[in-house]
Structures are given as structure tokens and as C-alpha cells.
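Which chain is which? They are A, B, C, D and E, in the order written, and residues in each are numbered from 1.
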Amino acid sequence: MTAGLVADIAVRRGGFALELQFALAPGATVAVLGPNGAGKSTLVEALAGLVPLARGEVVLAGRTLERPAARVRLSPQERGLGVMFQGYCLFGHLSARDNVAYGPRARGVARARARAEAQAWLERLGVGEVGDLRPAALSGGQAQRVALARAMICRPALLLLDEPLAALDVSARAQARRLLAGWLAEAAAICVIVSHDVRDAIALADELLVVEAGRLTARGTADELRARPPTDYVAAVLGEG
Amino acid sequence: MSLKPGRPGHANLAIGLLAGAAVVFFALPLVGLLVRVAPAEVWRQLTAPAVQTALRLSLTVSLTAAGLSLLLGLPLAYALARLPFPGRGLARALVTLPMVLPPVVGGTALLAAFGRRGLLGGPLEHGLGVILPYTTGAAVLAATFVAAPFLVITVEGALRGLDPRLEQAAATLGASRLRIVATVVLPAIRPSLVAGLALCWARALGEFGATITFAGNLQGRTQTMPLAVYEALHTSPDGAVALSLILLAVSLALLAALRGHFFKGG
Amino acid sequence: SGAPAERVVHVAAAMSLKEAFTDLEAGFEAQHPGVDVVFNFAGSQTLAAQIVAGAPADVFASADRAQMERAAASSRMQPARVFARNKLVIVTPANDPSIQGPADLSRAGLRLILAGETVPVGAYAREALNRLGVREAALANVVSNEENVRGVVGKVATGEADAGIVYATDVTAELADKLRTVTLAGADDVVPAYEIAALADSRQPELAAAFVDLVAGPAGAAALGKRGFLPP
Amino acid sequence: MSLKPGRPGHANLAIGLLAGAAVVFFALPLVGLLVRVAPAEVWRQLTAPAVQTALRLSLTVSLTAAGLSLLLGLPLAYALARLPFPGRGLARALVTLPMVLPPVVGGTALLAAFGRRGLLGGPLEHGLGVILPYTTGAAVLAATFVAAPFLVITVEGALRGLDPRLEQAAATLGASRLRIVATVVLPAIRPSLVAGLALCWARALGEFGATITFAGNLQGRTQTMPLAVYEALHTSPDGAVALSLILLAVSLALLAALRGHFFKGG
Amino acid sequence: MTAGLVADIAVRRGGFALELQFALAPGATVAVLGPNGAGKSTLVEALAGLVPLARGEVVLAGRTLERPAARVRLSPQERGLGVMFQGYCLFGHLSARDNVAYGPRARGVARARARAEAQAWLERLGVGEVGDLRPAALSGGQAQRVALARAMICRPALLLLDEPLAALDVSARAQARRLLAGWLAEAAAICVIVSHDVRDAIALADELLVVEAGRLTARGTADELRARPPTDYVAAVLGEG
């Protein structure tokens, strides 16, 4: 039994199959790279408990989150997660601030305190001025930062970020990277960051996982992978960074 | 060809014409009623104590029925749309049936279930000392029986159309299922929820046949406005129409308040 | 009905007349080839409302005078005639022998059902109770004022009420085993009367008159008598 | 604490309990009816020619009314939800009124509008030679008048909840407004549209009071099933219940077919 | 009167105001760069006729699309556009293929031909295998390419692309860039590409427009702007490319 994350994942979705295993040490941050449709978002959803495993298991800090063979499956609520979705999934009827405050509120924090904390997060990410706007009135980059704040505010044990910086402009991206890096260094959380931008991946993660067509095809630091790229995709993507 | 803002194109015209025809179709009968009745008659009815009693009772019964429909109907709609369980198709069909049943037969069915000689009547009477028929409670049950399906079906339809990813996002944020329903699901389908509630309440307010059959017609206890209207029809048709106009005015006010509350500026 | 007829006579008749009038239909159509009698059975007040609003009827048969007068106020009616009478009875559930006469209607805790005071049978019942001197006490036992006589019969037959006052003709063969009938002794002079009239603006005035004559004549008396109605 | 798949948590339990209570509440009266009636009686009624006539007429009238409600109601719902026009609030209120009006008064109102002495009766009779009351057409109008609001309100609620950006995207792709409604709007709100249509049709099928007042009770022409039930109630209560069960069975079959068609596997 | 695009745009949206003027020659392709919330998507929506102008005008090839002073406002249908939205706005009830075929169908192309053409576009963009899937079953990058195909298939006179490549992986991005460049060279269309990736902008566009806080702050080729960056943002963003 390890203190980190053990993921042995087999998921079917329509015609697509995801099958991979990996283990992460406590406090580790990995970036998941891979071509479109490789299964990165599916991996995030499987870890979050939103798509059921066909086989395998997910164990976090010694606690079994899911193991179909033993008919164990914790609900997303019980997993202690923070998830940022690729499509954001903001609540359309709530203001940006109340979107961010949603997690704390669900965990019993009083409304005023939750809102104040949410506003602080928005400001840290450079979008303090959109607190009162509904998601429909947010620009793409503003919405992405609201979604990022919503995932991080609860200090989860497992943080899953799906393309957290893809819509951000230069300065917002630098700011968000700094914030994320600082938070990860300080928190004991395990963090899985999906990104197709290899520079973001290298800046944020200790290690890279490469997923192609539903399989783990490479794992290592950027330098290791650049030195011996196991697939064409790895060579191409690291050539960019 | 240039279009000025708001000037309708061909499609707008077709839609507008049909919509206008619909409005005329709904308006004409009401105008027909209005021109038939002298305002003095409406005033006379409105100030009659018996009418005020019936109006109060109608509001009490229909609002209680709407509340009961929410209490039982929302969980049912949610279960039908989101929780797979055996017999779900049957349960859904069952809920639509009270809408099809002629209300008088609905009342007969309620008697068969909750009447003194009904399935539950014996246990109710001897176990709890409750005799339902001819009580205000019976009027509420009758109204709930015929009106709740409108809420259930409307809300279930809206739930089926709702993107389940919002609920998933809320679950990852640690919200319990009840919290998700209250803070994500219901707000997201609010327009349909309001529509369903309006339909349900309106149906409860207009309910007649099941009530008179199951609850009887007793002033101050089960004689709601529609029953009073029917009684008036025998003797004073104009009085009956005046009563109906009062009922319409009250429901207009309440519906406007409901919509005003839920759709500011709508 | 049957093959498409050239001429149609619309007869709006009180619901309680359904069986008797239906018995008369075939004979009338045989006497008047090419004529189709179309009945519209409903509560008298519904029919009166339709006539007031100009519904295209030829004959109206009402269960009481009040609704006939309402229809006549529209100045569409010919003079009306009484063509049948009825009798009031007390009904109780078949298995309940406790009620023996009108006096028992004032027993405390009894669940009594009447038609509303604006419904003909309800008005007659109240008048009868008045004659019998039990009006106040009996009315205190009323748990529901039904909109029509069928509501009274149905609630007593299912045992939801202990007693009701209805027309003798309402205890049909189908209900005979569910109901027990008790005579309203002492109120024999309260006699419900049915009225019939042709409409003044009928498009088939001769046929309308012929149908009225049929109902008010010997054939009508026989058909009505068979269903328990009393002669006028 | 670990949850096996499908094992309900506390919230599921609460929702399930209330939903179950609702199902029981709807089921019990129907069971009560079922146990009251001998299957032989149902069979006897089903094979009676008069009943088959009434059943056919009921289906014709209710389906025509549902079709008319679609034709007039969809444009109206769209206009109420999407086209700002003066008097929109009033129009919306107007549409809800037939639901509140006791049906008998609704029939009186229809007479006041379309009867021979009504607002439009004269022009209709002398201009077009049409006398509406006592015709199958009148039965259809009566059913449409009471049932269409259910479609309009349900669809309008769903339209208000629909993201307008989908319609904008379709507009940039060159689709006309009618095409957008047909290919984007209606498919996007399909669950609510089906719900509204089911409500509307069911209400039309069960319609009684407005029909008997406006269209009369003419066998083969305006005597629909609820009117036949009413007539039977007068003489043979068990026959009336048997008739109602037939009506229920038919509507169950039709609703199941409708849902099966629109929600494969739902 | 010019043959190209004249845009003189003033739009208010909540507390945000967009005010800028520019003209483009026939066949020109420009990239619009700018920080999050600067008004890039609002510009696209204004040109498409989805938000009304408060003042100004839009004239395309001598045809006035909108001029509030003259109470002229063509509907989006009449403008001859192709628009790709930042949030994609795919039709959820249609397959990917039918989403792409929607424009041709609306213009009267027979169903079978429209579908075949749509499938060809999907294949050109490397997502031929998702033709039958609904949008909910698409990965982020797949959905983006479906949206791109939907905007391009009708050969519009004015093509508006809002972050067309943001979710694409290395190879998909290269493929899409090539396709887009080829199409633009061949078609006489005017194309406005919103992007926060300066490399995409440089690869695709002749000229860059920079929007900051609702105003046009720079215009020129990448080299011109790099040589004399008028604002900090321009310097930062071109430092990346």
C-alpha cells in the first residue's frame, strides 16, 4: 500500500478503450500529454469517478476509491477532488464568484466567508473584476480562470486539471503558472495536469506521462523523453518545447 | 435587401400570424364572457360572504395541492429522469393516467382507494380514526391527484433535456445529491419548473369533477369556486359567469406574481 | 342513426330520460321515414344554457320547470307541457337496515347526501323534508350537496354515505342489489314534474311537434311507465 | 465508507421514499378501480358498438385537437419566448386562463364566442353557413381550447431555458428562422416538447365539461368517451368504470408509442 | 466605397465597450491578438451581426451590412458568413457530420451531397472517424475541428474564426494550419482569425491587429510590431513567437 496514487485504469466509451497503469508519489505533479482523442479527458473523468472502471482500481493515499472486482466505487463527492473540466462546466445561473464559492459552500463554509475566499481566488488569478458576471458574460480566458479557481479553492488531495491554461493570454498564463506552481509546492496534493502545450507541462510538472490511443506510451522527465523519444508524437511534441 | 432592426421577415410573419390566430382563439371566448356580464353583478358576487368563503377555500386547497405536488412530484420527476429503477416505464405511465381519466372517474377511483369502503378506508378509519371523504383534506387529495401529473411530466421533460455534466461538476465539488438538486438542477430548469408549477396550480384551481365525487360539495369545507360556479349555473347563469371572472382575475394575479417573482422583467 | 338521413331532429333531453326516450326513437323514425332523431342527453341546466346560447335544437325536455323557464326566457320556446312525473324515495346501502323512515334521517351522526338546493331533485327533497318537519335536523346531517342526482345515488350505492333522497326512477335494475329503497311516507304531495316543448325557431317545426306529441301521448306514457315514471 | 455501484446514499433514499410515496398515491386509486370491475364487464363494454364509436370519436377529436394545438401553440410559444412584442405579458396570461376556468364555464365562453348568438356566430352562420355547436368540429374546438395551453406553457418554459447561442450559430450558417426552429430549436427541446404534447393530448382526451356544454352529447358526433362514461355513470356505475379502464388502456398504449418513438430506449 | 471590409465598430455590453475602426483589402487575412477580455470575441460577434452596433458601420464588398444611423441591419443569414465560435456551439442533437453539413443543407444542397462534402471536410482535418458521433462524445480537439469544418464548408465571403486552433495537438495543429493557409490562398475571402497564439497568427495572417481593453492598439506585420512594439502587451506577445 502506497501513500500516493495508484491508478490501474480500464475504461470503455463507445468504440474507444482506455487502458493504462501508473503510480504517483505523494505530492507529485505530472503532466499528461497526448494527441487529440488519445483519452486524456477520459482519464481525468475516470479518476474523478464520473465514468466507471471496467477493470482495475484507483487507490489514493491507501484509500480505495474504486475497484470493480470488489464492487467498490466511491462517489465523486467522497473522493476529495478538485476537477477543472476542459469545457469548464460552469453553473450558468450563478455569478463567477458563486461558482468559485460552490465547493466551500458544499463543504459547509458560511456564505459570506465562502464568497470572500472565492473573490480572493479570482483576484489572485487576475479576474477579480468579473466576480458578479454570469458565465455567459465571461470571455473565454475569464471563464477558464473561474473554472481553475473553482477547482483549486477547496485544497483537494487530488487535483485534476484538464487544459487549465489553453485559453489564457501571455500574461494571464504566466500569472496562472506561477500561482499553480506555488500552490503545488506548498500543498501536499497530487496533481494531474492535462495539457497539449509542452511548455506549460514542463513548467508545472516534475514528470510527463504520454497517452496515445488510450495507452501510456512514455513516462519521464522532459529531458529523458527528449533524449530517447519512444514514439513520433513524443519527438514532435518535445521538439516544440 | 436590407432589414431594419425588428422588422419581421417572412418566417416572423408566418409565426406571428399563427401566434396571433392562437391569441384570438383564446381571447374571443373570454371576451364573450366579459360582454355578457354586468360589472355590478361581479361586484355583487364578490361581496357575497359565501363567495368569499369559496374563494378562500379554493386558494387554500389549490395552493396546498400545489405544495403537495411539489413535495411528491419533484422527487418522482427526478427519479423518473435520473435514477434507473425496475418498473420505471410503468411508473411513468401510471403518472400520466390521472390526466386522461375523466375527473369524475378519478374521484370514483379515489373513493375506491381512500373511501370508507375503499382499499385503505378501513385501516384509515379504524386505525387512525380518519374518514377522508367530505373533508377539506379530501378536496386537497383530489386536486393533487389530478394536478400533480402536470408538474411531474413537465419537470421530467426538462430534466431529460438537462446536460448531466453540470451535476457531475457539482458532485466533484463535494455537493451532496440533495444539494445538487437544490442548487444546480432546479435553478437550471427553472423556466420549466415555473411552467410546470403554473400548470399544476391552475389545474388544481379549476378542478371540479374529482372533488365533487370524492370530497362532496359542502359550503366552507369542500365547496371550492368551481363547485360554487356549477351550483350557480343552475339558477343564475350570469352569476356563474361573474364568479368565473372573479376566479380568473384571482388566478391572473397569482400567476403574474409567480412569473414576476421568478422571471424578473419577463 | 344508421344510413344518412335527409332530416335530423335534435332532441335535448334531461339525462334521467335517456332510457325511455331511446325506447321511443325507433318507433318515431319508423313513422317518419328519412328522419333521424339525434339525442343530446345532459343535465337540464347544461341544455338550458345551450338553448339560451342559440344551440340548434328542435325539442327540449327538462327535468323541472325552472330550467324550462330559463330556456323560455330566450324566447326560443313554444309553450311547454308536463309529460311525466316522478316520486321521491330514500335510498340507503343495501346491507344497512337501520333507516326505516324519514324520521331516521335526523339521527345524529348520519351521513346524508342530497342534491344541491338548486338542483331539481335537491329542491324537491328539501320541500319534502319541510313537509315532514325534519328539515333542520336532517340538513344538519348533510355531508355533500351533489350537482346531480347521479352523485347522490353513486355515493349511497358505494356506501360512502348512509342515506340519500332521489327519484324512484334512479334505482335502476343495475343498482337494485346495491340499494335499499325506503318510501318518504307523508310527503306524497311533493311531485316532481317533467316538461317538454318544441323550439320556436326549429328548422323542422312539424317533426318537432310530432315528437312532442309522441312523448306526451300514449306511446310516450307507455315507454315512460316502463321505466318507472308516473303519468302527468 | 464505501459505496457499491447503485447503492443509494441518504439523499437517494429520501428521494426514493418520496417518489415511492408518489407512485403509491397514483397507483392506489387505479388499483381500487381495477378490483371493482369484473373483466367480463370490460369485455362486454369493449365489444359494444356504441363504445367503439365513442372510442373512435375520442381518438379523432383528441388527436385533431393535439394537432391544432401544435399548429397554433408552437408559434405562440415561440413568439412568447423569443419575439418581443407589445402586450406579450397579457398574451401569456390569456393563454393560461382556459386552464383555470371551470370547463363548463369554458364551454359557456365558447358558446358566447362561436355560438349562434355569440360574437362570431352570426358572421359564421350567415357568411360561411357554418353552425358550430353540436358538431364534431365544436368538440375539437372545445378540446383545443382547454388542452392547447398545456402545450404552450410547457414549450415556452423550455424555450426560455434554451441557450440562444445555438440559434445564433444556425443563423450564421444561413438557416432561415423557420429552418432554425425546425432543425435546432425543436430538436433541442424535444423532451419538453414531447412532455407538452403528452399533457395536451391527455387533457384533450379527458375533456368533458366544455365539450358537453359547447358541443352537446350526440352519439357518434360529439359523444366522446368521457361523455359516454358520464352517461353510463347515470345508470351503471360499474359500466362507467369499465369504460374508463378502456380509455386508460388506449391512452397508455398511445403514450407508450409516443414516448417509444421519441425516446428510443427511454 | 472599397471592395474589401470596412469596419467602424462601437458596441456596449454590460460594463464593457468596444470601439475600433479598420479596413481590410479583398482577400486579406488578419489575426486579432489581445489579452483575455479585450473584446476579440465581441468583435467577431459584432461583425457576424449577433450583437447590434451602437454606432458605426460594417461594409463588405460595397454592401452595407449594418449602419445604425440609417437603421440598416442585415441578419446573420444575409451576411454570407462563416463563423467559428470560441465555445464551438455545436448542435448537440446532430452527429458531427450533420453539424458540418448544416450550412450546405440550409443553402439547399441535397442531404446526401451535403453529408459527403461534410465527411470530406472532416477527413481533411483529420477527424474523419468521428462523423457519426454526437458532440457530447467528442474530445476537445475533435470538437474544435468539427466547428472549424462547419465554418469553412460554405466558402463564405467573410470567415471569422475565434481561437480556431487552441485545443489542437501538435500534428493536428500543423495539419489545420496548412489546410487553412491553402484555403485562404485559393479563396477570395476576407478572414479574421482571433488567436492568443502568436505563432498561429504569424503563420496564417498577413497582418496582425492588436486589441486591448476594447481599443485597437497596434496594427502591422509581426516584424513591424516586433521592431516598434507600441504597448507592453505587444512586446510580450511577440517575444513569444
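Here, a contact is a pair of C-beta atoms (placed from the backbone, for glycine too) under 8 Å apart; a residue touches a chain by one contact, two chains touch by 3 or more.
Just so you know, these numbers come straight off a predicted model, no measurement behind them.
With chain D gone and every other chain left where it is, what groups do the chains form?
So the chains, chain D excluded, remain one piece.
Could you quickly compare C-D and A-B and let me know which has more C-beta contacts?
Of the two interfaces, C-D and A-B, more C-beta pairs touch across C-D.
Quick one: report the Å distance separating chain B from chain D, using the average Cα coordinate of each chain.
Going by mean C-alpha positions, chain B sits 14 Å from chain D.
On a C-alpha centroid basis, what's the spacing between chain A and chain E, in Å?
29
If you average the Cα atoms of chain A and of chain B to get two centres, how far apart are those centres in Å?
46
Could you give the separation in Å between the centres of chain A and chain D, each centre being the mean of its C-alpha atoms?
48
Please set out, as single numbers or ranges, the residues of chain D touching at least two other chains.
Only 9, 104, 108, 111-112, 118, 176, 188, 190, 233, 237 qualify.
Two-or-more-chain contact residues of chain A, please, as numbers and ranges.
In chain A, the residues touching two or more other chains are 75, 87.
Of all residues in chain C, which are in touch with two or more distinct other chains?
Residues 46, 49, 154, 158 of chain C each touch two or more of the other chains.
Okay, in this complex, where on chain C does chain B touch?
Going through chain C, the ones touching chain B are 45-46, 49, 52, 66-67, 70, 111, 113, 116, 118-119, 142-147, 151, 154-155, 158-160.
Which positions of chain B touch chain C when the two form their complex?
108, 111, 115-117, 133-134, 212-213, 215-219, 222-223, 227, 230-235, 237
Which residues of chain A touch chain E in their complex?
13-14, 34-38, 40-41, 86-87, 127, 130, 133, 137, 139-142, 145, 162-163, 166-172, 196, 233, 236-237, 240
Once bound in the complex, which stretches of chain C touch chain D?
1, 10, 12, 15-16, 18-19, 38-42, 46, 49-50, 53-57, 150, 154, 157-158, 172, 174-175
Give the list of chain D residues in touch with chain E in this complex.
Residue list for chain D touching chain E: 165-166, 168-176, 179, 183-184, 187-188, 190.
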